[in-house]
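What follows is chain A paired twice: with chain B in the first complex and chain C in the second.
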Partner chain A sequence: MAWLNGILNKSVLINLAVASVVFALFYAWNTRYDLALRDVQYFNGWTLAACIAIMMLLTLRKRMVILPFGRVRFWLLVHYYLAILTVGAFLVHTRFKLPDSLLEWVLWSLFVLVAVSGIFGALISKYIPPKLEAHGERIMFERIPVFRNQLAIEAEALARESVKDGTASIAKLYVDVLGNFFAGPRNILAHLHSSHVPLARVLDELSSIERYLDDAGKARLVKMRELVETKDNLDFQYANAGLLRLWPFLHLPPTYALLVIAVVHVILAYAFSARIG
Partner chain B sequence: MNAEIRDESNRRWDEPFGGEPLDAETVARILAVPSFADIRAEDFPDRLPLYDIIANDGRLRSYKRGEVVIRKGDYGSSLFVILEGGAVGLASGAADDRILHGGSRSQKSWWRSIKQLMTPGKAPEYRPPRLRVVKDKAAQQEEELDGLGTVDIDDIVANNRTFALHEREVFGELAALTRTPRGASIFASSDDTLMFELRWQGLRDIRNWSPNFKQRIDALYRERGLVNRLRECPILQHVDKDAFDEIARNSLFETYGNADWTHRFKRAIGEQADTGHIIEQEQVICEQGNYVDGLLLLNSGFARITERVDHGERTVGQLSRNDVFALDEVIEIIEGHPDVTLKTGLRAIGYVDVIRIPTSMIRKHVIQGLPAKFRRETVVAKSDGQEELRQGMTDFLVDHRFINGEKAMVINLDRCVGCDDCVRACATAHHDNPRFTRQGYTYGSAMVVNACMHCTDPVCLIGCPTGAIHRQEGSGSVVIDDSTCIGCATCANSCPYNNIKMVDIRDENGDYVLNSTGHTIARATKCDLCFDQLTGPACVQACPHDALTRINIRDTKKLLSWLG
Partner chain C sequence: MILLQKFGFKESRYERPQDKWLCGHLADGTPCTRGPDKNGKCKVTTVCTPRQVVAKDDKGREIKGRWECRRSTQEGGPCEAGPFPDGRCCQMLTPCEPQPSLRTKRKRAGLWATALAVGVAALVLSGGAANRYLMPGPLTSQHAGLTECSSCHAGTGPGKMDWVHKVVTSVDPKQNADLCIGCHAMGAQPFAPHTHPVDELKRLTDASRETSKGTSSLLQRISLSRPMSLPSDGAAIYCAACHKEHQGEFRNLKEVSNERCQTCHVSKFGSFATSHPQFSDYPYRRRTRIVFDHAAHLEKYFPEVAKDAAAGQAPPPACNGCHQPGFDQKYMEVKSYGAMCSNCHNKDILGTGRTTGPKGIDFLSVPGLDVNTLTEKKVDIGDWPKSSEATLTPFMRLLLAASGETAAMEMGDIDLIDLSQAEEADLAKVKALAWSIKRIFAKLEATTLETVISGGQAGSGADRQQLAVLTGAISHDVILGANREWFPNLQDDLQKHEKGEPSAAFREPDKQQEAKAGAPFDAEAWAEYGGWYRQDYTIRYRPSGHTDPFLRAWLNYAGQSFAVGPQNPVAPVYELLASQEAVGRCIRCHSIDSAETGPKQINWRPFYTDHTKNRFTSFAHKAHISAVGTKGCAACHELNAAGGDYVKSYLGGDASVHMPNFKHIDKTLCASCHTRQASWESCTLCHDYHVTESKDSSRLGKKPQASAAAK
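On to the complex of A and B.
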C-alpha cells in the first residue's frame, strides 16, 4: 500500500480536513432547517445541484485552456474535494435511504456510477503511472499496435527461418502457441493485476523445446524469448494505459445522463410538491 | 484575385523592417556614417545588394528625450546607429524597474482569446491570405514602435554611473551578434534623436560580405564585449573599474570545438542508443593533471567537467556562460602550493568561447575580497544516496545536450496518465495545430519532450536567411515569424534536437497552397511557448496531474525536486 501513503500526504490531509469542516457546516445548517420544520429537501437538493455544477466547471476549464482561470490541476483538486462534499450532500438528500420509484432509482444509480467511476479514475490515475514506469520503457498508447505488428512479423520470420533449417520445434510452437500470442493484445486481466503467470507459461513452453535444438536453433530460441518478453511488456502497457484511457468513458457519459435526469427530477419535485418554508 | 494574395511564397524582403523600404537619400546618408563608409557595394553578390539590405533590413526611429531605446536584459536582435541627437547608457542598476523590466507586449486580449476559442477549426496548417496578414503585421508594428517608455534622464545621470553615446556611434551589436540579452539600457538624451536600426539578418549579411565592416564590428565587440563579460562574472563583482581594464588587457579569448557541431551531434546521437560515445567527440580544453594556466571564464557555449575513472571519464558537472573553471587550483597556487595541477578536466560541448585570465591578474585584483562562497566550491555532489541519481541524470542531460534548454518541456512519467490534455491544449492555442508530440528521450521518470527548449544558445537562428526565426524581445523566447519564413528548413536542420517541424500550408478549403511552380509551400513550425496567450504555455496550464513543466534544464536542483 505504498501508493496509498503517496496519496495521503500532508496537503491532502489538510484539504480533507477542510472538506470535512465544510461538510459539517452544511450538515449543521441542514439540521437547523429540519428542526425549524422547513423543507430541507430543497436546501440540500440545491446544495447538491450547486456542487455538481461547480464540478462540471472542470470540463469547461479544460476547453478554455487559453484563458487565465487558473491551472487545470487546481480545478481538478477542487473537483476531487467537492466530490467528497457532493457524496455527503447526496446521502443527506436521499436521507440515507434507497429510492422508492423508478425515476429515483435511475437517478440514484447514475449518481452512484458517476461517483464510483470518479473515485476509481482518481485512484488509477495515481496508481497506474508509477506501475507503468517501473515496468520498463513507456510506450505511447497509439503506437502499441504498430510495435505489436512489427513483433508479430519478426516472430513469424524467425519461425519460417527455422523451418528452412529443418528444425520443426520452433515452427510447431509458433503454430500452436506463439502465433496466437503475437496476433493481438493478450492476458489483459493478468496484466491489470501485474501477474507474471501468462508470461512464465509461454517462456516455459519455449524452454521445453530447447533440448531438441542445435546451436543455431538455440540462438533463434533466445531471440524468440526476447520477442515474447517485449510483446508481454507491450501487452502490459496496453492493458494499463488502456484502462487509463477507458475510465473517462465510464465517468463522462453517465455524468451527462445524470444531469438530464436531475433536471427532470427537479421539475417533477416542484410540480408535485406543496413547498413549506 | 489580387496577385499579392495568390502568391503565398514568402521572399527575403517581402516585409521591410520599417514597413516600407528606406528611400535612396536615407540609404546614402547611412552609408556615409563612419561605421558603414568603408563597406564596398561591389563585395556583395547580385542577389544580396548592399543597397537593398540597408533599405529593407533597416528603419529610422525617432526618440524624445528620456525615451528608452533598449532595455538591459531584453533579447535584442538589432544594431543602432545614432544619426541625430545622442543617447545615455546605463550598464548597471535599475532606474525604474517598471520601465526597465517591461513584460511581454504582444499578448492577445481577452476578446481575441475568446474569439479564438469560439472560432470553428479550419484545415490543418491553414494560413490566411497574405494581404490580411500584411495588414495585421502593420498594426502590430505600429504598436511595437509605440516605445518602451520614458525615464527622467536627469535623475538617471545624477544617480547612476552612465556613459554617453554621440552622433554616428554604433551600439547594440553585441546582443545582436551573440543572441544574448542586452548588456545595458540606452535612453535618448535629446529631443528629436534620430537613429538607424538594422535588424540582425541585415547586420549578419553585411558582416559576412564586407571584410572592413566585419573587422570594425568585431573590434567593437571585443573591446566592449570583454569588459562587459568580465563585469557580468559573479566572481569579479568586487573588482574596481581600473582593475577591469587591466584584466581585460591581459586576458585571452580562446575558442574550442566546432561551430558546426549540430550536424555531427545529430549523426552521433542517432548512431547508437547508448550515449557514452558522445564525450569522445568533445574537444579537450584542459586535461586533468595539467599545469594550471590561469582561470577560465566561459564566454559562451557549454563545457563538461570530467574526472578520470579507470579507462573512461566521468561527468562531474557542466559549465555555461559566466561560469569559471580552475578557481580552486588558482587559489591554491596563490596560497603557496605551486605544484598544484588541475583536479578535473574540461571538454567543449559543441562550440565554446572562453576567456583565460592569468593567475597573476587573479592574485593582483581578484583574490582580495573574493567572497568565501566562491572558494573551495565543490562541483561533485557528496551525498552518497543522491550521487548515483545525479550522475545518471547528469550524463543523460549533458550527453543529449539538453543543458542548452531554458524552457525545456519535461514530463514526469510517474505522474503522467497519457491523457494528452497537454497536446490538445497546444492545439487549442495554435488553431488546432499542436506544436509537439508527447515523446522524447527518457531517463528514470523524466521525459524531455520533443518540443522547442528555447535554448540559451539557439543555433537554429544562425542560418535563417530572412531572420524569421528570432528571439522575442523581452522574454527571449525563440519564435518564428510565419509571414517571413520562406520554408527553407535551415532552422529545422540546424536544431540539434529535431524540435522544428516543416509543414505544408493549406487554404480555407484544406487544399495545399501552391507556389508559381506548382509546388507546395512549406513553413517552419515549433513550440512558441504560447508567447501571445494570456496564460503562458497552454501545455502546463492543461496538465491535470502536475506531470508537465517548462524548466531550465541546468537548474538540476529544481528539476530533481520537481521529479520527486
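On to the complex of A and C.
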C-alpha cells in the first residue's frame, strides 16, 4: 500500500473531499428533482454531459499552446476530479443498474471503458514517473531504440574481443543468452511490476563464468555486467514509459465513440420523451 | 551502470515527438537525422549534403573551391573520404519506410473508433429491428403486446425513421398521457393528483393539516422539494411522472418511493412505527351495512342454536363460516344470506313466525266507514262494505295523490269508523274520500297500476322496469275480483254520481247487500309463497322471501323520495315498510344511511370489495393469514366488551356515528411486524394513489329516476 500513500497526499485528499462535497450537492439536488415529480433523468443526464464537455477542454487546452487558458496541469486536475463527479453522475443517470438494450449497452460499455482506462491512466501517471526517476538513468522514450542498438553493438564487440584473446566463455554466453537479451526489449511484464529476477538471472549467468576467466577476461566481464545492467534499465524505462504512452489508446478513441453514441442517445431521449411537465 | 544519455547541442540530437512520422530505421536503433517529411515520405539518400567552399580573389570575384563533408558532429563529424569531385556525398543511405508516430497512431485510432460508432449508430437506427434496439429497455410484461412506438409516444409514426420527425416537433405532455388513459380508465380527472376531485383533496388536506398541527417534528416538516406545479393552478401530474416504463419485464410500474409521496403531503413523517399518524377509528370508520350484532350472536344466539339443534340449524363453527375472502383475496366478504342467515331468519321475512297481524303488506284497501251514520244523514257513497275495518293504506294515499284526488289529504283526524258526531263539512269530506276511492278502484280496473302510479306519463325504459317491479306484477284479476266483491255496482254508482243522481244503494238501502264470503278460505295461507291476496277488504302483498323485488323496489323508491323533503306523498310508504316490525322486516338487518335531510340509502348488500374502490387505503387479508397464529381472526379483531350499544348505533342515519362490535385496531399492532427491515413499510403498501371518484358520490350511489308519483 506504499504506492497508495504516495498518491493520497494532503492536496489530493483535500481535492477529493471537495469533489465529494460537490457530488453530494449534486445528488441532493437530483433527489430534490426526483421527489418533486420532475423528469430527473434530464437533470442528471445534462449534468453528465456538461461534466464530459468540461473534461474535454483538457484536449483543447493541449492543442492551444499560445492562448492563455491556464496551465495544462490545472486542466489536468480539473479533468481528474471532474471525472469523479462524472462517474457519480453516470451511476445516478443509469440508476445504478445495468442497461437493458443494445444501444444502451454500447453506450454503457464505452463509458465504462473510458472511465476505467482514465482511472488507470491517472493512477499510473502518478505512480510510474517517480518509479522511473528512482530506477537508474531516466531515458527519453524516443531515444531508447538508439541506445538499445548502441548497447547491442558494444556487447557484441566485447564478445568478439574475448574470442580474439582465446577466452570463449563470454562469447559463448553471448551467443546463448546475451545476444538475445540485447537484441530488443525484454522482460516487459517483469519490469512493469518492478521485478529484478530477469536481471539477476542474467547476472548470475555472468558470475558463473567468472572463475574461468583471467584478469583481462574478468575486466571484460565487468564491462559486460555494466552493459547488461544498462540494458535492463533501458528495458525498464521502455516498459514503464511505454505504458504511459499506450494507455491513452484505451481512453481517447473510446471517448470519441462515446460522444457519437451519446449524441444519438440524447436525440432519442428527446424524440421519445414523455415530457411529464 | 553506463550513462547513455547526453544533452547538448553537439552531444545529442533534437527529438521531435510531435512529428507525425518517424524514420523507419528507428526500430533498428539507426534513425537518420533528417527524418521523413510531413507526408511520411523518406527524403534522405546520403549521410550529408556536401558544401562547396567558395573563396574570393583580390578583386572580389568568387572562386569555387573543394567540396566539404557536412556530416554532423553527432554522427562523427566530416568523414575522411569526403564528397565526390562532383559534390555528391560518398556515403549512400538505405531509404526507409517511415512509420507513423504514436500521436499519429492515436489519432487514427480515434478516427476509426468514431467511424465505427457512427456506423453502428446508422445500422441500429436504420435497421429492420430499429424499434427493438432503440428502446432503452424492454417493456413490462403487461405492456408486452404494444409493439408500435406510436402506441404510447404521441407524434411518432409506424415508419422506421418517423421518430426523427418528433425530435423537431412539439408534443404536449398531455398527448402522451392521453394515450395511457386510452386503455387505463382513470375517471373524470385523470391527471389531477390522486386522479381525484381537487376540491375534495383540499378539504382532506385542510383536515389533515388541522389534525397534524404540532404533532410533527421540525425535521419532518422540512420540505426539500416542492412539486413541479401545484394542481390548484390547473396544472396536471401526468402518468410518466411516476410510472417509468422501459425498465424491464418485471419492473413494478406502481413502485413509488415514500419520499415522493411526502413531497406533496402536508403531514410528513419518517418510519411507520415511530412517526406515522396513529390510526383513528380503523378499520371501523362506519357501522356495518348489515345490522349484525356479533356479540349477541356469538354469546347468545349461537349457543342457543347449538343447544336446540333444530333440524337444519347449526351455528357457524368459526369466523370463516360466514366470512370469506373477496375476489381479489384482499378483503373479507360475508357469505350469502342463504348460506348464513336463512335457517334462522327466513321466518321473519316470510312472516311465518308472526303471531299477530297480517303476513302481507297492506297495499290497496277499502277503508272502513260508518256506513249507517252516512245513510242516516243522507250521505250518498253508493255501495260500501259495512264490515270493513280496514284503514287507508299509505299506498292508497299515494295512488290517490298521484291521481289528483286530494280528499285523503283533507281528512285530518276524522274517525271514519264513527261518524255519529261528525259535522256536515266532515261528512262531505268523507263522501269525497269514498267516491275518490271508488274512482281509483274503477280506474285500476280499466287501466294498469303502472299508469296510475306514474300519473299517466310515459317513461323511459328504466322507468318502465322500475314501475313493473313497483307494481309487483299485480294481476288484473286481483283488482277485478276485489271490485266485484267490494263494489258490485261500481260502474253504475260512479256514472250516477257523475250525473248527480242518487246511487242505487242510496235509493234502495234495503237491497244493499254485503258481498257474501264463500266457504271459509284463508287467502293469506294460500299466498304462503308470496304474491297478491285479498283479505279484510285489503289487497295485500306477501313477500316471496329474501331479496323480494317488490319490497326492495318500494323501499328504494320511498327512501329516495326524501330527497325532496320529509313531507312527500311517498314518505308514509317508507314509514310503513321501514319500521322494525314491518312485513319482511328488511330494515332489521339492512341499515339505512341518511343525512338529516336527504334521501335514505338502504344498504342492501354487506361490505364487498367494490366498496374499497375509492378508498385511499387498502388491506390484504390473505397476506396476513399466516401471521395471526392460533388466535386466528381474533388476533386483530377483538370483540368489544362494551358492545351493548351496537344496535343503538342504527337509530340515527349517520353511518360514521356507531359503536362497533370489535375494538379499533391500534397502529402498534401493525408496527409490530411492519418495519423497514421486515414486512416493508412503504406508503403504497397500504395507501392507494389512484382514487378516481369522490368518496361521497360513491357512497350514495346513483339516484333513482324521479317519477311523477314523487311530485
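The working rule: the second predicted complex is superposed on the first by the 273 of 277 C-alpha atoms of A that agree within 3 Å, B and C clash if a C-alpha of one lies under 4 Å from a C-alpha of the other, contacts with A are read in each partner's own complex, and residues count from 1 in each chain.
Just so we're on the same page, a contact is a pair of C-beta atoms (placed from the backbone, for glycine too) under 8 Å apart; a residue touches a chain by one contact, two chains touch by 3 or more.
Bear in mind that the values here come from a model prediction, so they are computed numbers and not experimental data.
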Chain A as common anchor, with chain B and chain C clashing or fitting: fit
Which superposed partner A:Arg245 touches (first chain B, second chain C, both, neither): both
Which of chain B and chain C A:Gly88 touches, first, second, both or neither: neither
Touching partner for A:Gly217 - first (chain B), second (chain C), both, neither: neither
A:Met140 touches, of chain B and chain C: first, second, both or neither? both
Where the C-alpha centre of chain A sits as vertex, the angle toward chain B and chain C in the overlay (nearest 10 degrees): 120
Chain A residues touched - chain C or chain B, whichever exceeds: C
Which superposed partner A:Val65 touches (first chain B, second chain C, both, neither): first
First, second, both or neither for A:Ala271, with chain B first and chain C second: second
Which superposed partner A:Arg73 touches (first chain B, second chain C, both, neither): first
Per-pair minimum CA distance [chain C against chain B, superposed on A] in Å: 5
Chain B and chain C contact sites that coincide on chain A, given as residue numbers: 137-138, 140-141, 245
Residue ranges of chain A in contact with chain C within the complex: 28, 31-39, 99-104, 106, 110, 136-143, 145-152, 226-227, 229-230, 233-234, 245, 248-249, 252-258, 260-261, 264, 267-268, 270-272, 274-277
For the chain B and chain A complex, residues of the former touching the latter: 110, 113-114, 116-117, 413-419, 421, 424-425, 428-429, 438-439, 442, 445, 447, 530, 533-535, 538, 540-547
Chain A-touching residues of chain C, taken from the complex the two chains share: 1-5, 12, 15, 17, 26-31, 102, 105-106, 109-114, 116-118, 120-121, 124-125, 132-138, 149, 153, 156, 163-164, 166-167, 171-173, 176-177, 224-229, 235-242, 246-248, 257, 259-260, 262-263
Chain B partner contacts - residues on chain A that touch it in the complex: 62-68, 71-73, 75-76, 125, 128-130, 132-133, 137-138, 140-141, 241, 244-245
